[in-house]
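By letter and in written order, the chains are A, B, C, D and E; residue numbering begins at 1 in each of them.
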Amino acid sequence: MRRRGIDLRLWVPLGVLVLTIVACFVGPMLLGPEAGQQALGERLAPPAWLPGAIDGRPLGTDAFGRDMLTRTLEGGQVSLQVGFGAATGAVLVGMVLGLVAGYWGGWCDRVIMAGADIWLAFPFLVIALAAVAVVGSDIPVLIVLLTLGGWVLPTRVTRTIALRVRSEDYVVAAAGAGASDLYLVRRHVLPQVLPANLVVWSFTVGALVVIEGALSFLGLGVKPPTASWGNIIADGTPYLQTAWWIVAWPALMIVVTVICANALGNALRGRWNAGADVIDKEVVP
Amino acid sequence: MTEMTEGVVASVDPGATAPPSAGRGRRGRRARRLGAMTVRLLLTLLGLLTLLFFLVRLSGDPAGVLAGPSATPQQLEAVRAGLGLDEPLLAQYAAFLGDVVRLDFGTSVFSGESALGTALGALPATLVLLVTTMLVSVAVGIPCGVLLDRGGRVTRAVVGTSMTLAQAVPTFVLGILLIYLFAVRLGWLPAFGSGTAATLVMPTLALATFAIARTARMVAAELEQVEDQDFLRTAAAKGASTRRVLWRHALPNAFPAVAAALVVEISYLISGAVVVEVLFAYDGIGKELVDAIFARDYPVVQACVFVIGVFVVVVNVVGDGLLRALDPRIARARA
Amino acid sequence: MSPVIALEGLAKGYDIAGGARLTAVDDVSLTIAAGETYALVGESGCGKSTLARMAAMLTAPDAGQVSWSGQTVSQQRRSAVRAVRDHTQFVFQDPAAALSPRLTVEEAVSEPLRIRRRTGSRSVADLLDDVGLDRSMGRRYPRELSGGQRQRVVIARALALEPKLLVLDEPVASLDVSVQAQVLNLLADLQAEHGLAYLLIAHDLAVVSSVADRIGVMYLGQIVEEGPAGDVVTTPRHPYTQMLIASVPAFVPGERGERPRVVGDPASPTERRTGCAFATRCAFATQVCLDVAPPRRELGDVAVRCHHAS
Amino acid sequence: GGGDGDADAKSVDDASVTIGSTAISNSLDPAAALSSVGRTYTKQVFDQLVTFDEDGEIAASLATEWERVDDTTVDFTLRKDVTFSSGAALDAAAVVANVERVLSGDPAYATVAGRIATVKEASEVSPEVVRVVTSTPDAILLNRMTLLDIVDPATFDADRPAGTGPFQVTGYEAGTSIELTRFDDSWRATDSVKDLTIQAIPNPATLSSALRTGEVDVAYGLPADVATQLEGSGFTNVHKPAGSSAITSLIADVEPALADVRVREAINLAVNREEFVDAVLGGFGTPNGSQLLQKGYLGYDDSLPSYEFDLDRAKSLVSEAGVEGLELPIATTALFKAPAEAVAGYLNAIGFKSEVVVQDLSAFIPTLLMKSEYPLLYWQTDYYDLRDITSVSRFGPTAPGQQAHIPVNEYQDLYASQSGELDEAKREAQIKQMAKILNDEAGVLFLAWTDNLYTVAPRISDLPLSGDSLVRAEAITVSE
Amino acid sequence: MVDRRLARPDDRRHGDLRERARQRAAGPLERRRRRDRQGGGPVTAALEIDDLWVEAGDPDDPLVLVRGVSLTVAAASVVGLVGESGSGKTVTCMASLGLAGRGVRITGGSVRAQGIELVGADERTLMRVRGGVVGTVFQDPLSSLNPLQRIGDQIAEAVMLHHGGRRRSHHARVVELLAKVGVPAPEQRARAYPHELSGGLRQRVAIAMALANDPALLVADEPTTALDVTVQAQVLDVIRSATRDEARSALIVTHDLGLVAEVADRVAVMYAGQIVEEGPVASVFQDPQHPYTRGLLASRPVLAAGRRRLGAMVGRPPLPGSWPAGCAFAPRCPVATGACGEAPPIRTSDQGWSRCWHPGSGETTATSRAEEGAA
């Protein structure tokens, strides 16, 4: 779907994601601090196009009379910080572990891969629930926790690529010419691992935004009145009948974010064929 | 025509030909591999239980719940002592380990019933949910995957979009929508509960949607991958119809990879089941576990995690065997 | 001619899954003189590549030793290994896989120099010249080159460190016939120009017969026959060599009539065996072949591992 | 209270009724049941020696008469011809066995044991007369005895302990549902309801859908908003002042700035209580800025002033005290997340920084009772179980290691002395004095007196509640 | 440069394919066949490919893969189709049988197997022809067998698809076929999975499958390329006995001239999507008319004692999409002249034909130091 030299499949999701991020972090500032504050007298006002709407509350208000536009954008700050932060963390951790496992191999490889298998075998949400109940749910905690939820995929992808590149003839040739491990990793392995991990990163963002939502939905996300998409949805659930907009906006944002993250991942995968087959095997598309 | 006598017809591939004793050897190897896998998983289970033991204990206290909000501090202390919670943590842990080895998880702090019994009692409902989810995701996912790969332009676009959406809508959002639609608006299905077929529908749908999309995508990807393989061309060259090539040759070859992924995904499904069970008040082990975590009902938490862990181990072992049955190559590839 | 490299009793095995032991190379000795082309022929999996990697010191042998210009190279001393690696360069079968997709031709050719932090006596442009590539190709990426051009780049890279020995692992197997001839001719020219020694690996006797000085025929990890190319091609002594030659399709129609039957498949390298490895496929095998491993015997210029060859 | 039953609707006998609740009893054994949630069940299956009538007065139940023998001793005379659903007859020995079991020290019975903590022993005077002895004079021993459910001792260890109430258990799924059917020989049995199911539905959204689909007839624990929404569709909200105060403790131990009375006052002025009750409680409660106890409870003082919403004054007090931007996180449990969040909103509006820390009950109760990391604790104090100030023990004197919620010595002394005061007039004066001190000091943030709220399907024309706001299922009227 | 005019005749995307094929100037084969018919009566050739055009990719911007290939495999004769990688050999064969991958379309010409038209035929006809009239063998014997099915079942399926019944009921035939292609212990082998067999055995199984219904024509696409040298010879023997000994026609695709010399009666040389020379093997190999054929023959190493230079052509075969206009071989051709910028005429001889402006003119076309690098 290349048109006029622009790859729409890449730039559209990227554009939407960037727009979402900018809106979430800049939007609330433009809207002013007052909009996000509670005004119990204005509670459950519908969006602007429905009867009973309140001026200056284009997407309606929630059960505390807070502006849904502001809430949704603020909620995005948390969800996106956690999603992007944890995905980045997961990919970094995964690349290091994957390189160690794939390039150096031996018992490191066995230990890391056994760990990965086992980690995948247990339902992460269960572990996360217990962990959050103990250590609380500040944003940094959530990022660390979800990093643990996402490290396996980049580790596996990195390992597979590293393993393959390592035995590639041109790497053998470079080794034959006396190249050090560090040189080989830097010059040959990393350049192949990075693009693949960018793809993984993209998919992971989507997955982790959802997990953050699920944790918040179960009441284990950030502390109210701080918003996150998951806890807005949880709080809005009882109002589904009369004030659907409370659930609708953050749910829409999650769906859009996940779709864009996945689409971005797909586009990137199409762009770099290095490791594409590995990603196809490993990544939840 | 020819009388080509072949001395030893051995394969060039190492290990491909089995010497006479290979039957036993292979079985032995397999048993050893399964054994190693089981031991590894069980050890991890122990690790996980340990982790949970400390996590849960560091964060709350069933004594408070037992004593109630209007108890006096003295009463609270008395309850603690009664539960053995005043002993050093390590002593508690040692006792716990001893009990676990004997499969004695104690009794629920609140109901007084056997913790393991409680966990096991909640398992069948979850199993039913998981099985229906698997069935639905395979039954719907495979045709969708075929359409995704083979359908016309419009079909592909429609199915592709649905699958994209299905993958992007979180389970909890989907669950809420389902309740609203089917229970509140249409009144077709009970909004909650467990035990009847009707109560199974929405949790299954909520849980299966993602799995359907996942299966469909995998089937499509695998079909695309096997598409150019010569054995499909061979089948067509023998005179097989397009349908037959698809259903008899392409899909069966795509299936093992899909099935393998589904087995791995049992843990994702269990995570999803936790959310779904809480949302639909479905009495499975996921809900039991969440309740127990919130209430700090240690014995039940531990028993639930243990049961889930063993379940995962069993699924992996059985799934592994099943895959072997599905694909004669795997035995060699992994050997 | 003084030997550039001498391999003495090299052996290499791999532990494969399931506890079996695979013998890839088993007691192989050979020497290659400067300016000489030693060709190694054999079927897939007989251990040619493994042997080549040991010769280039990319893999340590389980037993045996490698000598350079009469000096035994200790595998333990990194500096010694390095020095040998400088003198030996590898050319791989698949020129597509042998070049990093991320490096330009120039970068690829100069990589060995960069790694060794050396400036070679010859510039990249010279090297490209040597292999008959235009200098302007230096800025291209491998994907912009044809198979033959890629193989030339690989050869240029191999020449960068000015090696004495080139190990060529099936350098033309993946090329089209017309391009294959170009590369073989180029190799011959380079050898004449630089006095290089070649260890050339191939599975096609016809390819080998036109470029080799000596030919070693490998079967299941052992060299079963070795000698001057002409002798091996015209008067094969080992039944396996005879079988190989019989298998080469006659080029001119009707030139050859009914040919000897080729029998059976190669045996598995994992199988433990006594006696001659080829006995299972050999039309002349007798009881002694099954019981006793044939020793290496010199028959004039030719060495053979066969009880019955004469 | 009571549903506004349609006079024309014909009531039916032998009806089946389902009560849905966000949580149900954790155990069939009343002695091991926790909190008021469990009592929706125990009330139907068991009886106590005495109980509260609809007006909150002590009324006869299994005991028809009682007599104070001395400061620490009361004799109860048992009702005649009462049988347990197991078939056994009620006698003094059974009551004694129940008391002894609860006081045995088994942690499983801790909640009930706490409620009757002053009881030292019980003994049989005659088959019809039980003697209860307390360790110290106890002004509210009778109130306490309303919380001791009498179980047939022969069924103490059975799966389904037997009681004397109008229903008996026929099915039980732990944590999920309890199925009851009428015990026809009960002294309380009526004709109207035959089968009763108590169903747990933790998710409020699910609970409300269940009500709409007719899967439950009575819902307990719905958010007020949802309950009001349902009123539009023919459902009735039955609510009754429940003897419980929504309050926020202000713990100076954690945040020293709270030791400044101006800060506490500012907090009290920041909340618009009418708005709070309307919006957060759906109107099911009474705004309260004056005192803990509400009208009808011993020690209520209608002369006490109430803190009124005054944003400007609150802000100026904040700046006077120099505490702008003070961080005041509020800890609470999931149950009270919404009201606590509203309080946080009010506090943020006058310049504090407040957020809600939702803790599990298991973590929160030790916080509440012993030591908190958070300066503000949102909690709803129920005193209706005992109908007395004594049930609010955490405002009393502190034990070692325990934080003071109200660090005023005089208040704590009064608390200690009133509990042993058998003269009701004197006792009332002391309690009023406590309330005045609390009011003057703005010691806690009073928000409202909350109601117990049941949302009832149209087919139920009358939902009678007991004096302690529990459903009297046997008296439910179901219409066609 | 791509010859747009050649690559995209204006009328190609509209109307009936066969009709348009007829409108186009009759090719040499067409003429010859007409002659044959008039003379020796209606001898049905096993396979007649007539002016076949194949393209792939976006229909709005197609990539032409095969342009006007005509080829006849007479009854009981073996034809070798040779050419270098990418010249379109596989596409020609597979498209003829409707087996080319997705996106590959026939845009003109006709293909008849035993007189049955295959271009534009419905699936039933194709199913009947495939396996029944034409048996097919592919290059890689591992990937051309279904890895999940026992080989006996796969062969039985081939029989069943044309003779009905259940797979089980064809067991005897399966064993017979396996024995025929020289699989030892066929009873046991029938129960093996493909991965349990060696490469040579797998290819024999594939051949057995192709022969299952005794087809009149065997199409084999590089049947020995993936095999070891000694095994190649064995498989070649099997193919030879399946054709020569049973008077079966075969079209054998290969880039190995030696193989053609061994098994084929006639040979067609493909270059850049066209056949550039066709004729009896002996005459083509001994007296090649087209300079490309001469180049191929010269560059092929032969088994002989002594080091010698091979005759190498300059450059490399062009890929689809970058075929030069006029004679596609001209840029590499040692005897090219200005005339070669135009499409070369077809020169027929008694036994064959070639597509060249200067046929048979070069003594030796091989340049000694042919360096494509400078190109």
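The working rule: contacts are C-beta pairs under 8 Å (C-beta built on N, C-alpha and C of every residue); 3 or more make two chains touch, one makes a residue touch a chain.
Predicted, not measured: the structure shown is a model, and the values here were computed from it.
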{"item": "Chain A to chain D, fewest steps along touching chains", "value": "1"}
{"item": "Central subunit by CA centre of mass proxy", "value": "B"}
{"item": "B-E or C-E - the one linked by more C-beta pairs in contact", "value": "C-E"}
{"item": "Whole-Å separation of chain centres (CA-atom averages), chain C against chain E", "value": "33"}
{"item": "Gap in Å, rounded to a whole number, between the CA centres of chain E and chain B", "value": "51"}
{"item": "Where chain A and chain B are represented by their mean Cα positions, the distance between them in whole Å", "value": "23"}
{"item": "Interchain centroid distance [CA atoms averaged], chain B/chain D, Å", "value": "42"}
{"item": "Overlap residues in chain D, where contacts from two or more other chains coincide", "value": "203, 205, 334, 360"}
{"item": "Contacts with 2+ other chains: residues of chain B", "value": "4-6, 9-13, 16-17, 59-60, 176, 179-180, 184, 278, 293-294"}
{"item": "Multi-partner residues of chain C (at least 2 other chains)", "value": "44, 261, 265-266"}
{"item": "Parts of chain A lying in touch with chain D, wherever the complex brings them together", "value": "37-38, 40-41, 43-44, 63-66, 133, 136, 219, 223-226, 235, 237-242"}
{"item": "Interfacial residue positions of chain A with respect to chain B in the complex", "value": "114, 118, 120-127, 129-131, 133-135, 206, 210, 213-214, 217-218, 230, 233-234, 237, 240-241, 247, 251, 254-256, 258-259, 262-263, 280, 284-285"}
{"item": "Chain C-facing residues of chain A, complex", "value": "168-179, 183, 188, 191-192, 274"}
{"item": "Of chain D, residues touching chain B in the complex", "value": "26-27, 29, 32, 34-35, 105-108, 110-111, 113-114, 117, 173-176, 199-203, 205-207, 209-210, 212-213, 215, 334, 359-366, 368-370, 379, 382, 385, 391-394, 399, 401-402"}
{"item": "Complex contact set, residues of chain E against chain C", "value": "84-85, 198-201, 228-234, 236-237, 255-259, 261-262, 281-282, 285-286, 295-296, 298-313, 316-317, 368-374"}
